[in-house]
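Both complexes below contain chain A, partnered by chain B and then by chain C.
What follows is the complex of A and B.
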């Protein structure tokens, strides 16, 4: 793939990304200083509760923002180009769908109800890929085959397909222009478990065979760990812990990550499932200091006033924004 | 062939609508006594003339009364007053259903024919010229402006147009018409105040046509003025509803050009309800516009209906109601078929 980063240099480098929406009760800080690197061909999972800013992060990267955006700053450097400073036209021509594509949460709603599935996959190929109609038809059929849909799907309307099939069509469309990066925003949340597993296997295959990097957004840390090389845990607009999947799962450092993992049901365990007391904070008026402190079992005086920096965890690769990690050092 | 079956079923139910409407007309005219009262008045009117005429020739008062009684009985039989309304009016409906519109009692065509078919055929072109023309103008402006506004919701031009749209919708047609006559006809003398032609009408086909158009300008302006606001607003709202559907965001996410998003993902998806509006309005326009045609003294279908009611011309009332309903159900059926073509989600189940 031309333009793909060589190893060592990240494919995508996000630095200090901030995104606020204007609302009547004040600006809502959906994404509040997020930084991470993503290597080509790798998968980063962003996990967190609803309202933690995961989807806003993805929409900011694809610049699909609603009108009421009050603030968008930071950098998102993809192959050396800052996606956030490009003009709208340049971004659409060069980056959108060509470099970054997306599979949305509601696949059913992401298809136009009027046109046949094949025509919708073809549309992006003729409008963006410079394919002739015949060539686009061929490529669209190939893409449908890649996502394991039978050939006759080409001539079906969206309402004739099941939820899982529609999600496959959405994946086929996301792969159409061979982008190096795909954003997967809760791509399996609306599907039942069996279909979810099929779609996850599809993603794994593309990761292995096509070398597509992805950002997998989910509230399900167990599901995310199936695909991700790196996991970032998001809380109230910030990444509170990020590290290799193994490190984060095996030795979670941040109390929030620990709670998330403890909330996963386990087979034949007598221990009651844990839950996190309280509710996610109001992002128009977030708590002072560490944003998790009102719900944290280990809260200290310092947590209420000072926002913790990213500190290395014991496990090595991971970093977490928690004052507990500072205690050992001091 | 489930589709043909269901479409057939729809057609059948629409024919049912036709019967119900005609039944309602018959009951309204008959059960309220309106029909009997009006016919009795007509008979009495004629009897007054007959009495004067006969009094000249028949001097014997008893024979005169006798002849008049016979004459009245003849008239009552002629008008069907000897039978109750529920046998008289259905007979009229039955005849109309065979497309024999019958003869008008009072109304006449321009050259004096009393055949309802003649009268209607003479009036329809004038209504089309006025109402259909203004509808086409309104729809084109409404679609263009509505689509423009839907892409810039909340801007100043959007809010301003929304206020103007409400004002346009609130304008009564007769008032706007009179105002336009006052200003553009009496004050500025740009357009004539009513009628079809100048008197005397100019010679030559083209000149005559131009004269007709000149007379049509003010009523067309009136109709456009009072309906363009609602059209613009409805189109704007329909497009906006579609524009907020998620697949439009998904289309933009794919980086499709904005024009293509508008055409294929917004306009095309919103087409079925807009087509409904256009087709029903087109059909309705053939029925004329009662108030505007009256204000501008324009002999269209609306005026004909109005005249038929004021002169109690039952044959014309029943015939026009039949025609209007027939056009309506035809349009509805066209829409049923059109929906199958326009929206693949419309799948009929053969039950």
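What follows is the complex of A and C.
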């Protein structure tokens, strides 16, 4: 199930992605050397706490960057095209919405309150997809049906819809031009657990029926397991562990992943909850060596000075950036 | 606590009176409807609940179920439109604000958002000291000592390092601890904890919950833990009540609610909760259809009937379900359990009380 095990060109291949923001106290290294592959039709979840850089990673892939970017480097090759070297205009015309679309946490609020829902879905099709208005109307209605919204939604204004329904409209727009990849950044975080499950079911259906690949960004590793084939755990701007969902959940290798899993209150188990002492580091001045070392229970001398490379875990498919996996360590 | 209060608390306990009692509480707001008409928002519609010292009861429900209103009524931040709020046997439902101070000293709250609930222009020391100033508790030196004590209790140590700092310099978990210290300075008996960890990173949630548990042991605080997350309720609250559209639909020991849910809504809610499991992605979840309607538009009969997989036409849409006591600790409000094997506590909910709340500004939905 892991991307590495599948043969053939990946749909998306990210190499050495770095993104820094200029700030008074020095550049904030939000994404600091991230690499991964994603196969067509698969879902990669990026999980991490607030400030781990997961949203910056998404913004870099979508080229939706704020003005204070100090550094953007690396490659993000989608279907053979490096998205990071295209001009803004080329990216907008060729990639965004057509090749890679997105659903954000606040997508419900991104709907324009003065236009009817149908108009807004149609706009993606006419402005980006070159559809005629009549064709776009037909397709917009089809899309609303696909996300299980009643036909009359087409003529409703956003304020007449619930949060869950607005999120469905955002999903319909994201699917409008049949992109092979959708970026989902905390797409259900503002929703109640029941509606969240409905939207997750919707994503599962599109993955199975339309073969849409996705990058699912979340702070919630349990929710990520609802969709992800592969899980990447981010900490302080880096992916510290990545592997198949089975391996990462059943046999996590990185102490951070282990702690993150032990911190989740389980519905059907009374295992005592653990927490990670301290706070995530300031990314304008990250710790030397392994960035997790000040909070790690297994810290060794080497961890303080040398940054660990990606090392294969015991379980096979996963790799983790942790010196504990180095054979010489124990 | 003054000696008088202590004495009163002691006698109340001897009499076997619960610390906090909500009796058939309703909270109806008048809101603007279509055009010039007004509608009634029934945020709470007959809720009965008790909480003792040293006890934790979770109120679990989705947004709009009335759980936050319930919390605000329990602190008498809202005056309910019907029913009673009784604290140590004393009815405080209609007590005017100027006479509520003794109650306020003993009933404090911590809230969801540690980013907006702390005044950014006040230092941590000032924030934690404020309740002491309001209640005229001690001279300046004694108050400062008390602030240091409270910061130490919530493990913001050493306290001296925190008193002069401003909230924006703290992490989410640290800010929430400031909120707890502030609520703790007056050593309350009752603490409302309204979603205290839902905006905190997963890695720190357990730390805050463990801290609340320790404080409870040391100070015998009773918590009403309001949450949308039934999994944290299992780990923090031995007893839980599930709310839907202004009513408690099921209550009992939290573990039993989870292992053997009775109400179809509780079952649906549990099905929707993700656990970290690689098998999750292989099948769709069984979910309840639709979303809860607005409390301005409560369905007749059983309010859950339009979404209920066990809906019985002619009964559920017409007759409000009775509260059925399953055993001494568990009850459920559902027609499925209306057999005569179970003792009916009450035939049905009372007719809706249309008294409008005039003391508060109506909230627009």
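Just so we're on the same page, the second predicted complex is superposed on the first by the 315 of 330 C-alpha atoms of A that agree within 3 Å, B and C clash if a C-alpha of one lies under 4 Å from a C-alpha of the other, contacts with A are read in each partner's own complex, and residues count from 1 in each chain.
Heads up, the rule we're going with is that a contact is a pair of C-beta atoms (placed from the backbone, for glycine too) under 8 Å apart; a residue touches a chain by one contact, two chains touch by 3 or more.
None of these values were measured; they are calculated from a predicted model.
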item: Which of chain B and chain C A:128 touches, first, second, both or neither; value: first
item: Superposition-derived comparison: chain B or chain C, residues of chain A touched; value: C
item: Which of chain B and chain C A:197 touches, first, second, both or neither; value: second
item: First, second, both or neither for A:222, with chain B first and chain C second; value: second
item: Partner chain in contact with A:164 - chain B first, chain C second, else both or neither; value: second
item: Which superposed partner A:70 touches (first chain B, second chain C, both, neither); value: neither
item: Contacts of A:96 with chain B and chain C, given as first, second, both or neither; value: first
item: Contact residues of chain A, present in both the chain B and the chain C interface; value: none
item: Residues of chain C defined as touching chain A within the complex; value: 62-63, 171-174, 201-207, 209-210, 228-232, 234-235, 258-259, 268-278, 280-281, 284-285, 287-288, 291
item: Complex interface listing, chain A residues touching chain C; value: 43, 49-50, 162, 164, 192-198, 200-201, 204-205, 219-223, 225-229, 244-246, 249-250, 259-261, 263-268, 270, 273-277, 279
item: Residue numbers on chain A that touch chain B, as the complex places them; value: 62, 64, 67, 92-93, 96-98, 101-102, 104, 106, 109-116, 123-124, 127-128, 157, 159, 173
item: Chain A-facing residues of chain B, complex; value: 154, 245-247, 249-257, 260, 264-265, 268-269, 342-345
